[in-house]
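Questions regarding the structure given below will be posed in turn.
The first chain written gets the first letter, and so on, giving A, B, C and D; residue counts start at 1 in each chain.
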């Protein structure tokens, strides 16, 4: 795959791995050294969801980059939700997948940071997973708090990969994922010696609101990856807008595919 | 497959054999004892042409019954021509195929006949093939004249099956299929001791006109299987009409799917 | 048990699922029991014999078909004296689709049908796009549509359904016009004019040039037409256009239809009609609707949706 | 070598392939070299800032999409002073799509665009179905369409393209009206009104209710509209609606279009535009056409087709 001088490619990629993860998730690994090397954590691809026989919905589906980097397979980890993701999950090694990307604005890691905290729930961890390795590569320590229904849904291995991130888990099944409990955990971290230089989140409106509130209180910068239904994925159709607070305090509609999917934590409005 | 008291079924059948025949043809065998037993030579099925992944054109495609009968697989033999037949040819054993049928009026064999002649070209032999076994079962001797581009395209085995029909072949490649040559062969047969009680044809306009002319001249009754593009396959949409000469000499539009596909040789008009 | 019955004007139907004119015939009784249907709808009958259009009469498109069959048929007299005998074998109400070239011919034919035992209602096909030059039809304008319906209304007392055309600027205005002219229901909609070209032969794929477009690809348009008509008139709307699955039928009912017709889908699946009927009942049962008629109009603007849902 | 150039009124284009308004932006330069295109077409610019419609703004259907984006944008002043800077980086003629609520606003905006360097032509979007109540638009009737075009014609000397709507009874009449009012070309067509309902939530899938229907499912209708307009006017017709492949583009040219626009297909394949262009050239080469403009109208009634083909 040669990007031919253009930052975004429409590429026909070979599937090298396709496997279910847990009860409701699926992972795909694609062979595309150039696209994988060009991808940044927080960016996404727009995938044409066609099963091996060419069947699937008309529009593409946006999917965060779960694995990327020089020498790595390009990977996606997703919740098998409807017609599009079902077609993706039906792909087998050797099948082809049309991918448009890399797209959007990824996470930003600032040079001075030594420590970040990641708060993820559900499939939001797919979006945040590549941030762990990018941070590790810059010498930034990653502490992650993952929330899941039950231990079987956690996907901690899928999250941390080889990044060496510290992972703490909370569950609905034992009540540890309740907002007050998570708030206590976060306050302890923010007040303790491992206070992070920045926080990142994705995957839960409840946790987003909590983190936004606490990060403001403690004066910690943050970023959030948002989702929105997409048409073009490229910034042309304006169907993927979300309300974002502008610098002047007013609220503007920004395109998740173009200005996002990663936005400033304090600027994002709840959905 | 239980026909449930209705003469025509919409059935989801298992593919048991799917293989190319020669350079341009393909055969399919389906598991459907009840439908196979209910089918008569000259009838057809309306097939939903979806490859293993569900891809294919919107409308069904009509396909003559090539193999049928109690204890036999239901078989089709077809020219891989466009999008529909390509999807059919992509089916693999174990895949499912939706078939509506058996449809239309098949060939009629009259009790007194002892000998029939079949003149077929190209894939027209798929339509006429099951007639050989039906005739044999009634003690009728079958003599067949098959026309093809070259010996490699003949499919004589696909035609005669286990019927014991005598097969003579003519080819474009050696000039033996030219109309005057075939005319000479037919005249010899019609004038000789093996004069047939009836003649049958399918697959070539040129051969149809020749046979129509000679059969009229020698006073031999005949039948022809016609093709026409179809919508419903059941007689409801009137898109499959062909011009047929009525008893009173006038020309009427009859539906290939309902009044046909088999028509009286002298009543059919050239296309 | 879900109550599937619906009333269309004066006519009580056992259920809201029926075939669309021109895509159905007694031949379908070879595949399933037609007595399960809410009503039967004939292909359009014309006053005189018609040969039909040049071949090819049908071509497929992306998820749809174009047709220009041209309403071939033996004419009204043959229908009333011969074809009716076959239709009387079935128990559901028989809706006879009627097409004609002039207002007077519509009225005369309606009177004749009213005098024919076994005809439960007339569906006035004032919208067939193949008949008049360049696809023009009565249903294109409120005035001409109303004139045809008023003349039929005066000529007969049968329930009268007006089948409207998408080939108009303002279908709500046409619906209101035929309601005022005395129609008991509107059937929405007939095919929309379309075209396909064979680029190798450089001619239209249909022998007649343009044709009527139908099938799943047409569904969003037909659904919108139903939604517009349901907000414009008080008489029942019968929805038709691209319905192939139970979910499609539910969409039409929620958009304001009281009953639905299934057309092109029967070509692809001759059991589509009973499948839509069974699936509709299953949907009502699953979502707790006691009557299928409760679905009608649920998605219209300003409608309160059942809280339990 | 096939000559791909075409003339649209006074404007010479290097080739007949361009994007459709609202489905394109400078962002596509991330994927291929936009300078390959015959022209660039902006999303519709409105006199004032517009926020756009409620979410969801897009939903998919069988082989198509419904949209009710609502033409969000920062208004004409921002366009002329800020956005034009980005557009001037590209070499193909820039066609600015213009939408407004009144005849006077159309005229004022046209004058302003004429005074803005780098604007090669105006495409008057008199047909967007989302702006006026119940989807009404200027292009629905010949009179209102002509009024808007005549006012723009009087206000500026730029090439003026009128983008027509399928939501009309007689598009040929609208095309003739805008031709007489001074349009240099007609763009046929904008989206047709459609609807989809979420049967679980019992509300329309789009936030705004109805939306404009586009994509492959819409193609047979758009192709028919082009064919009707090409027979009605002498000014060039630019075909748009469901074009996704080179064969689709050939169909539109043979139906009478002089150029084509690709819209929704770019969402599914952002390289659709160059693929259509390359395939069009390949088709001409294979079939022995020296000029792509030779394809225009080949399938129209009464046209003699090249004997050699």
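Criterion: a residue touches a chain if its C-beta (ideal position, glycine included) is under 8 Å from a C-beta of that chain, and two chains touch if they have at least 3 such contacts.
Each chain and its UniProt protein: A, B = Dihydroorotate dehydrogenase electron transfer subunit; C, D = Dihydroorotate dehydrogenase.
Here the structure is a predicted model, which is why all the values come from computation and not from measurement.
Note on connectivity: the fewest chain-to-chain touch steps from subunit B to subunit D number 2. Farthest from subunit C in terms of Cα centroid separation is A. Put simply, the C-alpha centre of subunit C and that of subunit D have 33 angstrom between them.
Centre to centre, using the average C-alpha position, subunit A and subunit C are separated by 49 Å.
Centre to centre, using the average C-alpha position, subunit A and subunit D are separated by 36 Å. Residues of subunit C in contact with two or more other chains: 61-64.
Taken residue by residue, subunit A touches two or more other chains at no position, since every residue touches fewer. Contact residues of subunit B toward subunit C in the complex are 6-10, 48, 57-60, 98, 100, 228-229, 231-239, 241, 253, 258.
Within the complex formed with subunit A, the subunit D residues making contact are 22-25, 27-32, 43, 51-52, 55-58, 60-65, 67, 69, 72, 215, 266-271.
Residues 61-64, 66, 134, 140-141, 167-170, 172, 192-197, 199, 202-204, 209-210, 213, 216-221, 223-224, 227-228, 242, 247, 250-251, 254-255, 283, 298-299, 301, 305, 309 of subunit D are the ones that touch subunit C when the two sit in their complex.
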